[in-house]
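Chain lettering (A, B and C) follows the sequence in which the chains are written, and residue indices restart at 1 in each chain.
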Amino acid sequence: MQQTSKAHTLILVSIVCGLLLVSAFIAGCTSSTSQSTTPAPTAAAETTAAPVTNTSAPAAVETTVAPLTTPAPVMATSTPKPVYTYSEGNVVAFTAASLSGVSPKLAADFAKMYPGHSVVFNLDGTQALRTQVQNGAYADVFISASNSYTTELTKGGYFVDGTVKPLTSNYVIVILPANNPANIKSLNDLAKPGVKIAMEDKSVPAGTATVAVLANLAKSTYSQDWNNSVYNNVVTYETSEPGVASKVQLGEVDAGFVYESTYTAGSSKYQAIRIPKSDNYLQTYTIGLLKGSTSKGAAADFETFMLSTVGQQDLKDYGFRPIST
Amino acid sequence: MLEAEFTKKLRDFTMDLSFQVRDGEILALMGNNGSGKSTTLNIIAGLMEPDAGCIRLNGTTLCESARGTHMAIEDRWIGYVFQNAAVFPHLSVRDNIAYGLRARKLPRPEIVKRVVQMMELMHLGDLATVKAGNLSGGQKQRTALARAIAIRPALLMLDEPFSSLDVESTLAVKELTRKIVKEMQIPCIVVTHRVADSNEIGDWAMVICSGKKEWEGRPRDMPEDCTVCRCH
Amino acid sequence: MRPAGSLPEKYRRTLKYSLAGLLILVVTLYLALPIAALFFRTTPELFWSSLSDPIVISALRLSLTTSVISLAVVILVGTPFAYVHARSTYPGKVIVDTLIDLPLVLPPAVAGFALLVLYGRVGLLGRYFNMLGISIAFTTLAVIMAQIFVASPFYLRQAKSLFEQFDQSYEYTARTLGASPLRTFMTVTLPLTAGGLVSGAVMTFGRALGEFGATIMFAGNLPGVTQTMPLAVYVGMESNFNVGLTISILLVIISFVIMITVRFILRKEVLHA
């Protein structure tokens, strides 16, 4: 009616503004962008896809940020979290990136063992996943590559009591490009001048593992000089393990330190030099259920599956080592 | 003396002109918008090239298509004042006037002398250090004129110099122009679309329409119904 | 006579102003609060002590050096390019126009990957460089190349647009007065477009300073060589929180100082224009 149309317009405008306000608030608080890092069953197998996803997390945010407001990495602290719609039978598993290769198989076998259930993997460096969980990201299960991060989350009360169990383990291995351009035949050759090595930053679990391995090797077999020369040959400290793998695969570096599982998942792309067990660093992975989960039933089933012979065999097929009981 | 004879194909029509301007004579070039007046000036100045023809100034060939000669713009010694005066807004009046002299690398004392001379001539004396962007319309025109004259050009061309001026400034610019042209005995072309202006300033008038000469003669002899109305 | 039933003028005005004020408040807060949060998360003592951390110092020095060099290259090469591009028509001009904009819409990680595939040791061009003993990937040069790639559109688009819109009668006048094309450009065109060019340069510098995705892909992450401030923040956030926080704050301060300085310089120009 004519007389109330102006009032209606004003009310409409206020409602729209209010909605904008509310949505901006929600966007600001939860900072959830719907950028999917890795939909596990599809892209996970490609080690080359992985580094793009890992580094595109901060990068994609960066394209839209005007350079003078906030530097990109600050927003990357609460790395963009994939928004999953969850149903009773669907499990959201935050999983250390080194399981990228085996995750499609795990997803298929889980669905086979528990018809009606399904699992979606969020694969990323354990340190990034930990930060996401601490900032309120939703997950049912957390698979960690590092005891220290597991302890950190346990202390923070994120896990359901009694559900944190050792899952599997992984050794460190040296991979070389398929054509071995620097002609590296032994661990000793890593110290040769001019060799380019890639390893993970110490914030990544694979990085601390590598540091420990190098220290062990220096003490037992090679000298401290060898240790120093190897570090001199490092040209990049990648922010994720797949980052190292991709640089090696491309042939841009002569050698890289990764987990054995990464090598096994893509063995046709690399050559490798094994590290003696006595000097190696056994990275133990743990699995645990998160308190914030709303599909605890399905989550528990998933944990059972991962610890079962089927799950463990899958892991073994992809180069992981069974947990020494 | 300026001898101009050229053709040029434009978007809507083809230009075909042939005319002369004697030393000390002001030619009032008239015609509708888009009839090719500014193009004529641009071709003479070297900013555009004709398809065919020849431009000669005091016997020197500026441009001859047949032989492929095209003298560079900066070598032509032509004073060209654009429609909006185009004074360099970031430079002072003094620096504006000195611009051409500095570009042509005249010795410093000579530059100073001529700038002072010009400023006196154009009554710009107390505006020497004012940034040209802050001048009024009339002051800009006088500055542009001073700037063009300072280099002692062999030909002076003004494109619609009175269009944005008030009555007083218009008179001033007209007087100054006539004085300069008569004293320096150089040919001068003034483009204008107002018959009154051509009467007051022109010794000779030429009306062009769609790039071709429509009429030429003494300004006061211009037929009433001629020019601007018929050219559409 | 007001139509019966509509709000009285007084209330309408208040509502209008309130809505406008609300919008301004929301936008301002959304931009300002995250930055403020950075400052509140640390203490002055922690901040000052972190400043002497070698990681912070080397990242700071590397970032500033590379960004300045990148900016210099973009300006020195980009300005004449933009001018020529604006003043001429040539076959394929549209394609070049599009290419200038490309880095803006390309995800930085893709840009870095492309650079790696081209200039890397086994890259399409890189292999020839490698034969000559020149390695590009994983060097500071790679950092600069990545920055130039992603940041140049900010300057090129601005410069191109400025020159295209520049009133050419100024240039024509200068030419008829006896100035060569170069002299014309330096004494007339450049001074009159300087304001816009500077703002383009500021944006370019900011983008280069904040570059992350292409850098880590093409140049890698090595403290002192390729670990720029954004990389140090990302790594620091996981392992050394204070260092990460300090560098973030430094980046904010630097950006702020540059913006304010430039605005101050340009203010005088604007007043006189």
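Going forward, a residue touches a chain if its C-beta (ideal position, glycine included) is under 8 Å from a C-beta of that chain, and two chains touch if they have at least 3 such contacts.
Note that the structure is a prediction, hence the values are computed from the model and not measured.
Chemist: Along the shortest chain of touching chains, how many steps lie between subunit A and subunit B?
Modeler: 2
Chemist: Taking every chain's C-alpha mean, which one sits closest to the mean of all protein C-alpha atoms?
Modeler: Here the chain at the core of the arrangement is C.
Chemist: Measuring centre to centre with CA averages, how many angstrom lie between subunit A and subunit B?
Modeler: Inter-chain centre distance comes to 74 Å.
Chemist: Measure off the straight-line distance from the CA centroid of subunit B to the CA centroid of subunit C, and report it in whole Å.
Modeler: 45
Chemist: Provide the C-alpha centroid distance between subunit A and subunit C, rounded to the nearest whole angstrom.
Modeler: Each chain reduced to its C-alpha mean, subunit A and subunit C end up 31 Å apart.
Chemist: Within their complex, state which residues of subunit C touch subunit A.
Modeler: Interface residues on subunit C, with respect to subunit A: 3-7, 12, 15, 19, 22-23, 26, 30-31, 33-35, 38, 105, 107-110, 112-113, 116-117, 120-122, 137-138, 202-203, 206-214, 216-217, 219-223, 225-227, 229-231, 233-235, 237-239, 244, 248, 251-252, 255-256, 258-259.
Chemist: Which bits of subunit A are touching subunit C when the two form their complex?
Modeler: The contact residues of subunit A facing subunit C are 2-4, 6-7, 10, 13-14, 17, 20-21, 24, 28, 51-52, 55-56, 58-60, 62-63, 65-74, 76-77, 125, 127-128, 131, 181, 196, 198, 201-204, 234-239, 243, 247, 250-253.
Chemist: Once bound in the complex, which stretches of subunit B touch subunit C?
Modeler: Within the complex, subunit B contacts subunit C at residues 45-47, 73-76, 78-80, 82-84, 86, 88-90, 99-100, 103-104, 131, 133-134, 144, 147-148, 151.
Chemist: What residues of subunit C sit close enough to touch subunit B in their complex?
Modeler: 167, 169-170, 172-180, 183, 187-188, 191-192, 272-273
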